[in-house]
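The following blocks contain the structures, represented as structure tokens.
First subunit A sits with subunit B, and in the next complex the same chain sits with subunit C.
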Partner chain A sequence: MKSLDAVRTAVVAVGQTEHGRRLDASMAELAREAIDRALDSKGLTLEDIDAVVAGNMEMFEGIYLVDQLFVGALGALGKPLYKLNTGGTVGASTALACYHLVASGRHERVLGVGFQKQSDGSTQAAITTVGDPVWERAVMAGAIGNFASMASTYIAESGVTPEQAAKVAVLARRNACLNPYAHLRMPDITVEEVLESEMLAYPIHRLDMCPSSDGAAAIVMASEDVAGEIADQPAWVHAVATVHDQQYMGDSPKRLAVMRSLRGAAAKAYSIAGIDYPLRQLDVAEVYEPASYALLAMCENLGFCAMGDGGRLIDDGVITMEGQLPVNPSGGVLATNPVGATAMIRVVEAASQVMGLAGEHQIPDVKLALATGYGGNAWTDIIILGRQRPRR
Partner chain B sequence: MARTGKQTWIIGLGEARSAPKRDDLAINELAWEAISPALEDAGVALSQITGAATASQDFWDGRTISSMNVNELVGGTTGSEAKVAADGAQALAYAAARIADDDQHLNLVLAHAKESQGDPHAIEIAAFDPFFERQLDPDETVLAGLQAQQLYATGEFTPQHAAEVLAACRSRSEVLEHITAEQVLASPLSASPLHELDRAPFIDAAAALVVCSDSMRQALKAGGVRVAATSSRTSAYWSQRESLHEAPLAGQAAQEALALAGWSIDDVDYMELNTPYSTQQLIVAKALGLGGGEELVRRLRSDAAINPSGGWLAGAAGGVAGLRSVVRMTRLLRQRPSRALIYSTTGLCLQSHHIVLLESSAEEVSR
Partner chain C sequence: MSDPDPRVPADPREFNREQARRIEQQVTLHYRFAAGKYASRFFAALRDEGKILASRDRQGNVMMPPRPVCGLSGLPMDEWVEVGPGGVLAGCTIVYVPFIDPMTGVQRPVPYGFGLVRLDGADTSIYHLLDETDPQRIGVGKRVEAVFKPVQERTGSLADIRHFRLLD
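Up next is the complex of A and B:
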């Protein structure tokens, strides 16, 4: 359902840090680096910002109320400050909150920032606490264990091969070579190298998995009244959607093969944006893929191909930079993963593609871009951005 | 000034039985104890709920993404839940934004905290700067003591005043024993000049609302109390504030909310001020323009329209207090056409200020 009441809203400014092991900056400095880059890119100052939304997983670095400690760095002094921590989705949840705060008419210009400095903490230890303390923590430790379990069921359901998954890992790290902000840039990586890398948990090899990064990303969203004054080419929000699956892994055992939350969110977002054939109508997608297998499963569930045909997408080059629908020209999560910022990076990259700001990894003539966030209990956020102001 | 969107209505209320230790149930069961009556009150089934806004803290739940504890209880499975790590009043503000932009029409708002499960000192020290402050072993009470020192140094208020205000709040509590100002002052010092009883006890609590758009309210033929406005402001981190004994941004947040609603402070019939320390009642009340000195203390002590349920000091939990007050105030507003202001806070020494304004009309009350 397309709303007649919502204020049309756009991403008008984006910024991100160089990601990786950032021993040169504190977490607050990383957040501010991304914010300053977003503001400076359009000649904005913090005076122009009405409210701030911050996304971060605070147990990773062990700072309770991190938004309050960093309130100055986040540019939120004297303003409304919303703090979200929704897991892997948090950057996208932050972007969606920015959208709602503008689209509702409550604010005109809202700053959203996702940040994480994983080298300061123990991400895997914190992620383990996401599981139920009695039933899940002992057997589903960290992200790797989760994705290994899910990838196994996906292989069984779809017949996807380790070689096809390895091609995804290669594509991501090679795409990242065109992205100056990416963490893992590996121009010479090969399928064989991925398959020979250390087995972390069957079937996930070390190079099948995303890295652990430090970094931050920021956006400014603005109402239609002011968006055009700030950006010559805003990235207009055409649709947003959030859908969850059940909490316990055992309640949805084919979670990667049949991704109910991704399918549900995609169905809602496509309906709002008027997308019937995503492979044809979308020009680029930034998909939150923490593991190589996940990207293929996600492409299936996003409707980029028939269910079970994910392997064909990579074999046929459909999702490469030159393919019919380039997926993750930035290198994606497999190249860069500061968790609190990761899904925000997807939004920043999708917006950059629409705004023509993606530099060497710019896809020509992007009219419609999709970004996703994924995490927690198969929690999915989707945002679709476009060059044209959405019609009523 | 931003445009105001669609209106948000509260049509269902629920509250778990609060107590210092609810070891008879788990966190999600505590939450359900609030959700279930809220759904019943609204006359809707969980399957009708399209999404939710929740408030909880990972550190207190001992679980990253703490809302996963309650996600499926608020209609999140195949639905849409959004979580804020702040007081539940902010979750209500977020839900109102999603209703205003037509993304949602029938939502649950939930705040939960099971403080008996956490180690308060271990959690609170994690809110301090890890390099420069944690070595001093601080916690929230140490800082509130510093704030109280500054407050009393002005000469406007005394420990007796704070104790009297606290005793008034506790006299309205259904959860905690009623105490006198003398008992507060006779309790051991926790961080001079604060006494142990100057702080709200740790509580296991949950509060829930069913909220909806006007069109949904009409479709459901429901009554309702209107969310007239929400607002919030964030102060500097404690060590970067010029003084801790003032809260000008609390006043700014209230003024913005009142302006959005088109009210003045004199239009407010009921008011609840949620603060975890007695001294902070005086700071916030003054910031909201309720007066000062002895006159303010007298008002806080004896005006039945201020803190009618006693607020946080009468037995709530961090993150739940504001939403609990929304529940309590909505009950009051269902009795007669009136207006209410709810203040709540997040962080150390009143860092974030949240305001919710509620209104009921004669038409709604007569339903």
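Up next is the complex of A and C:
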């Protein structure tokens, strides 16, 4: 596996909105809020930006030409603007596209923004449109029915318990209390409260699931020629990977338990970045976990522990803020989920950790950080960011 | 020009969420999806003969739903094989949260059973409804069997299988 970059590339600026139910802002205003924060953080203006990549899942709001309608808000007048929709991964795909535009030598400074305003539309209508109309919609049970079924497979394989899943739900909402941008901040949440919350679909309780949020997140990626002028400490891209699996919900034999796209993407990214022992070599991870059970399954598939050992990661505190490998110090998706922005928030948080900008949820001395994007089990994006400029 | 609502200030920096308006719209869309060669044959066999057909490539991979190309081998799938009607649960749940059935626009009554069924003879699974609402009675690995609607009620849809019944 060889690195593809002609030009070494770094995240040099990040910004995000306060996430939640943002009735005060239109979708375009929300996207611009994140863009302005990213630019202002390093004294950049739109004149410094060569091209823009915008990520959004249009079906949530039913507005399908956001690139045209929001061209001004997105800061793209007179510039190349690429809109992406790759489902749940779109925020990470947006970051990867920025990376490719810079690493290829095409552009020097590229702005990427992921945004979603779920309170504008219908989450159920959006979820219906992601199902195959011929094969899947007649027997759909929504995102929650799907995750619950996946959790049952994972439980059968790993023996993970409802208590262990509830601990994940608690950890996320407590970590979120240290993150001023997070949606669900619940300092007093307990394992009992999660287990007693309404059963949505067995075994998933309401507090095992991610919320629906409004929000946006933005990055600026820059070439090695200019990165150092913009940021004292850039977050250098050490590896990116995207892997797809087969198309239908029932095509992966063990769904959550064995996530072929996540395992494939991790293997590629670790190989490019020279990572043999992710638990020891990574300093922090921002993992796209749509449900409590999913986080433990994803940690297994990322090689943070042996397969089937996910429950131990939470029982032994390995993935807490003070643990060997803190996972989602931001509170993760369980605390904040504006879908089109969600995977970009993972990248923004991982970059913030490397750049020392994470504030109260900063993990000390982060040299290497990993972020993932998740697309309905069928595809995965991974990006690994580091403090040192990667070796050639 | 006079301000239509004096409570909304001209300066956007003084705007607050109590002044936010929402513009309500309802959009109704109608679609007619071409099912294609594979699904057309599948649904004809399901409706007229009560048979569940899957596609096979020359390495023996059997894909359900049937499809033109095997995702594992990359080979064309030019053979048809009958699978089921028995199978095994690869995943399962009881759904309590309301979900509007996309085929009817009507909310499906809750609770209902839902799961991934690996039909006998197939290498992949399909989601379908289960005739069970007790979470203690469902489980990964349990045997199930397709229950078909009567011929006169079938329309050529996966819903021609009413649900899967637990055998264990």
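Note that the second predicted complex is superposed on the first by the 384 of 392 C-alpha atoms of A that agree within 3 Å, B and C clash if a C-alpha of one lies under 4 Å from a C-alpha of the other, contacts with A are read in each partner's own complex, and residues count from 1 in each chain.
Simple rule for what comes next: a contact is a pair of C-beta atoms (placed from the backbone, for glycine too) under 8 Å apart; a residue touches a chain by one contact, two chains touch by 3 or more.
Since the model is a prediction, treat every value here as computed from it, not as a measurement.
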{"item": "Contacts of A:359 with subunit B and subunit C, given as first, second, both or neither", "value": "neither"}
{"item": "First, second, both or neither for A:80, with subunit B first and subunit C second", "value": "first"}
{"item": "Per-residue touch tally on subunit A - higher for subunit B or for subunit C", "value": "B"}
{"item": "Partner chain(s) touched by A:133 [first = subunit B, second = subunit C, both, neither]", "value": "both"}
{"item": "Which of subunit B and subunit C A:180 touches, first, second, both or neither", "value": "neither"}
{"item": "Which superposed partner A:106 touches (first subunit B, second subunit C, both, neither)", "value": "first"}
{"item": "Which superposed partner A:246 touches (first subunit B, second subunit C, both, neither)", "value": "both"}
{"item": "Contacts of A:159 with subunit B and subunit C, given as first, second, both or neither", "value": "neither"}
{"item": "First (subunit B), second (subunit C), both or neither touched by A:62", "value": "both"}
{"item": "Partner chain(s) touched by A:317 [first = subunit B, second = subunit C, both, neither]", "value": "neither"}
{"item": "Residues of subunit A contacting subunit B in one complex and subunit C in the other", "value": "62, 133, 245-247"}
{"item": "In the complex with subunit A, residue positions of subunit B that touch it", "value": "2-6, 51, 57-59, 62-68, 71-72, 76-86, 90, 94, 96-103, 123-124, 126-130, 231-237, 240, 249, 252, 346-348, 351-352"}
{"item": "Subunit C partner contacts - residues on subunit A that touch it in the complex", "value": "23-24, 62, 124, 128, 131, 133-142, 144-146, 148-153, 155-156, 198-204, 245-251, 253-255"}
{"item": "In the complex with subunit A, residue positions of subunit C that touch it", "value": "15-17, 20, 22, 27, 31, 33, 35-36, 39, 63-65, 71-72, 90-97, 99-100, 102-103, 108, 112, 114-118, 123-129, 135, 139-141, 157-159"}
{"item": "Complex contact set, residues of subunit A against subunit B", "value": "1, 3-7, 50, 57-60, 62-65, 67-72, 76-87, 93, 96-97, 99-101, 103-108, 126-127, 129-130, 133, 240-247, 260-261, 264, 375-377"}
